[in-house]
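Okay, structure first, notes after.
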Amino acid sequence: MIPTETISPGHPRTDPTSGPPIITAEDLRVAFGRYVALDGVTLKFGPGAHGLLGPNGAGKSTLVKVLLGLVRPDSGSGDVLGHSIHGRQTDLRHRVGYMPERDAHVPGMLVIDYVSMMGRLSGLAKRPAEARAHEVLTYVGLSGERYRTVDSLSAGNRQRAKLATALVHDPDLLLLDEPTNGMDPVGRREMLRLIVELRRVGISMLVSTHLLPDVQEVCDGVAIMAKGRVLRTGSVASLTANIDRNWKLQIVGDLGPFLAALGARGVKVAHDETQGSLTAQLPEHAEPRLFIEAAASAGVGLKEMRLGTRTLEEAFFEVIGEAPHAHS
Amino acid sequence: MKSAKRPSCLRSLFLVAGLVIREIAWTRRTLVAVLLLMVPSALALVIRSEAPPGTVDTYIQSIFPTLFVFISALIMLFFAGSIARDSMDDRTMTFLVTRPLGRVRIVLGFWLGTVVFATPLLWACGLGTMAVASAGLDGWAGFPNPEAAAEARWRIMLAGLAIAMLSGAYYTWMSLKLKHPTVLGVLSILAVDGALGSVQANARFAAPTSSFESLLSPIFQTRGTLISESDLDLTLTQGGALQLILIELVVMLILLAKSAQKHDYISSAATEGS
Amino acid sequence: MPILEQVYRRLDHHEPASSWRAVWAIGDQCGAMALKGWFPKGWLAVSQIPGLVVAVIIYVMTRNESTVLEVVNGMARTGYQSFNDVPGETWYRVASNLVYAMITIVQGWFATVGTAIYGARQVADDLRTSAFEVYVARPIWSRDYVIGKLIAVVKPLLFILIVPTGFCLLAANLFVPASAGPCLKLYPILIAAGIAYATLNAIVILGISSLGKSSRYATITWFVLYFLTMAVSVILTQSTGDSVWEIVSYRANLQVILASFLRLNPFENLDLEFPSPDHSLASSALIIGCLAALSLFLVLRRVRSGRLP
Amino acid sequence: MSEESIISAVGLSRSYGRVMGLTDLTVDIPTGVIGLLGPNGAGKSTLLRLMTGMIKPSLGTIRVLGQDPLSSPDLFRSMGFVSEDDALYESMTPHEMVSFLGRASGLSKSDAREAAHESIQKVSLEAVTNRRMRGFSKGMRQRVRIAAALVHEPRLLLLDEPMTGLDPVARRDIVSLIERLAAEGVSVVFSSHILHEVEAVANHVVMLHRGLLLAHGSIQHIRDCLSDYAFTLEIRMDRPRELAARLAREAYVTSLVFEGEDGIRVGTSSSKQLVTALPTVLLEIGAPVREIACPGENLEALFGRLLK
């Protein structure tokens, strides 16, 4: 069970379908030889942060590349920020920041030169590009590593360098492909905090990942993909709505009297040995105080009392239909 | 426990060599090498059609041997100069190092693989050129009689094998040790083999090409024989040349084995960044 | 370390994407990358040494007038006795011979190896490390990428070709004041010739570099193209006795184009080691032109396949 | 082999130029499933490369199954290694590659082919066993490498970041595979920074950070020794300041931190006393309580606290 640690509680969640569409796609189809990467993808994303969720090989990266014009679709159409993906890509790429999945960097080039070069390629002059590069690198937390070569950085720092290059020309839309791939939890949490911060400043983004906590923490809307098809779209909240009010409890002390006290109060309880936690069903219009009273009366300590929201992983597995090998 | 014992020395060598041949067999690199090896026969064809009748014989006897040695060295640099390095760069070497083969056998396996793969190509080039040169004519490719032509063919094959083994060892060792093996490899072909080979003093035997050429003389008129006619008796007897080559080969193989022992199989540049 | 020292600042206005800036950005950075490491820098430094050596030789030679006159008469097949009755035209021709010899005999070799060192990695490395995806995600055209890479390779080659040669020319003019006047117009020509020579080499090496992912094979293919074509043309010329086979050699064609830049007429006023008369400029220009066109086509095809417009 | 530890390192250190990969590591790793834990750049990969003899130690010694990995290739007859790099013989099919590596481990031609078939079945790749590996997804490539490492039925399996970059479905398969191997008595050492996988599978943990050994022992052992010196409880309720006032008097409460208007984090030196007293105290105050959570439980918080 992937813990849903909350990184930044209470950031504003906009409704994903409000406002003019940033990204639209109609029946996009891409096949590499026999392998069908995109099998008729149709979706519409408004401003704000949207997640593309799916196992490896679900076609997420291919979709991001098609939107950026890096891959020409066999059929179907779409547009990003008003520019059609079949048209001239240069103005499209001028307003979009792309963070590729693989380590796409020039080996041996210093981080500061690499980022400032990317700025100059997007139209900034030499001096302003360098100034902007320093600013963006400080923002992503690489001020210490500015004068090291890109390939000598750790996996986490390489991801930050990629984010810096995506931000140097101040895009309106960020396409992030597996932004926290290969990062340890501490680094991952900081990267997600950066992304949430960017969202708050008003940059829309499309985050393609298979790490569910990333999407849950950062995105408003999410599209779950598998085998080149979009299986479900909707806001994150709708997907993880907790239909039944089950609570996760953990106690210290002997279990018997506590279970009896809960039973007396009409609470249905399921005991899960491996994790050593209880799942209790709160009766209609009852208060969580019920659990505390039961614990006090049974004389046991209450270590954990949490509303067990259905995590995205459960939604994800449900949508994928528990196929053992969802990908080809 | 299924595996009884560690694969024997010979079996390990042949396993790795087989892998190397399989990896380079169907690649674009072999296509380019084959095109390169067709150049001498193409030259023979052009000379036969364009030049006065006797020229193709002089081409075969004097120009072709030097060209053959030069191209063979390039081909060995093409294969041996990068096979070991490529497998380290794309990290497939990890599969071999974590098997009970032993590092020396792996590196020698790479050397053996390139030699076994390249030698037939070099032979095809040499014999093909002589065949093209003599087809339709009296069939002896510019040599006075069939025996001479047969000896010439046999000498070309011997020289081809010697070049494949010695240059192969030299470039495999260089690819393990140096960061810029290719540019330096080419410079060593030009400077050491080319220039030094045509020096009119004993120093020329320091260059491997002159010992290869001595293998080919006197049936062919290589630079060695041209020099000897100018009353500087400097040619190596074929026996001498063979010995020199064998000594150099043994030294190179020892160097290769020693460098295999202490070489880090992850290029040291890969810091603990991942 | 605190991450959010300051909030992400948005730019107030967005510069339009400009090809010119992109070209210079790639030229600067990839040029600096090509010179990274001791070997490329070392090669650049070593290539300057002949310039000094030849300058010293010129200094020693020009100490007495007779040796200079001897050289001039030898080259121009004339019998002048003193400096002032040597016409400007002859000084110009002798100076351009010096430049031609300097480039073909000395600096040409450094440039050939330099082309491999600086050029073989340019496109091959981008493909191998998928750094190409970074360029493609930017608002640049494929021609910007190609011109930028060309600049990156031409810069060090120009330094190898022009600086030592120019230095010797300057030394000759200083030590023989009479020759200074007529040779003034040779300097811009030298620069133009250097640019042409370097650009042709750069275009061909970029074409070769875009053939595969490994700069190792690009290096070998370049040397094979250079030395094998030279050897083949020498063998064919000697065997057939017909010098039309000169055009097989990439090096010979490059030298013919260099000579045309320096307006040296190959027929009458030179007895330098030079391709024989019936090897005309037109055929060389044609062959080198085709080779350059093929290389450019290869690079653009590879770049377009990576989806640069 | 009778003795308890399969891998023992004494004063082991290795540096790449000036960068210290691993500093003076002395540890004995028992049999079973062992997790090598640490953030990026902690020295996990360096330790695994030293164990497989890929690189030489700068100082100290390491012995795997009683032998020195550098000088005795025989060791690899009973050891398998799956590296972190996505390397593969692209032109081969899984069956060809695994049987080749089987022969390289000393199996005869027929044994190798049969063992290859078996190990490909173990990683459930029979469907694509004869397909060129060029178009395989990341998860499938990972499983081919694992099959190759299992072909000669090793007693010890080393995995470098097996779960990185894999989606939950592929990750779950690998976790169950490791459990199956452990059940068959194969010792598995794997490095990871995805902590809850380590928690679910490993019975012994070695924690590294910046090349130094931070802690090693069973998960329970590490959690116990940690929880007695720092344990926090997060409570979301109305009027948290009243709870703070009430708890401030207790000796076992070490810190009280307010988060927003409804959150309070209570640090304690003895988790048992705080948790036992909590229900009665909350009833006394009578304010509605929304949530009680103890982040100190999973390894990640453990890890976060260790790194401070």
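Labels A, B, C and D are assigned to the chains in the order they are written; within every chain, residues are numbered from 1.
In this text, a contact is a pair of C-beta atoms (placed from the backbone, for glycine too) under 8 Å apart; a residue touches a chain by one contact, two chains touch by 3 or more.
For clarity, every value in this text was computed on a predicted model and none was experimentally measured.
Averaging C-alpha coordinates per chain and comparing to chain A, the farthest chain turns out to be B.
Taking B-C and A-C together, the pair of chains sharing more C-beta contacts is A-C.
Chain geometry summary: the mean Cα position of chain A and that of chain B are 56 Å apart. Remark: chain B and chain C have CA centroids separated by 32 Å (rounded to whole angstrom). Centroids built from CA atoms put chain C at 51 Å from chain A. Touching two or more other chains at once are residues 154-155, 182 of chain A. Within chain D, contacts with two or more other chains are made by residues 40-41. Chain contacts: chain B has residues 271, 273-274 touching two or more partner chains. Taken in their complex, chain B has these residues touching chain D: 1-7, 12, 15, 19, 22-23, 26, 90-92, 94-103, 262, 264-266, 268, 270-274.
Residues 68-72, 88-96, 98, 100, 102-109, 113-114, 117-118, 120-126, 129, 132, 135, 138-141, 144, 165, 167, 169-170, 190, 193-194, 197-198, 201-202 of chain A are the ones that touch chain C when the two sit in their complex. Across the interface of their complex, chain B is touched by residues 16-17, 19, 21-22, 40-41, 43, 45-46, 49, 52-56, 73-81, 83-85, 87-89, 91-92, 100-101, 103-107, 111, 115, 148, 152-153, 161, 211 of chain D. If you check the complex, the residues on chain C that touch chain B are 37, 39, 113, 116-117, 212, 214, 216-217, 219-221, 223-224, 227-228, 231-232, 235-236, 238-242.
Chain contact summary for the complex, chain A toward chain D: residues 1-3, 5, 9-10, 32-33, 35, 54-57, 154-156, 178, 181-187, 210, 212, 250, 252-253, 287-289, 292-293, 295-296, 300-307, 313, 316-317, 320, 323-328.
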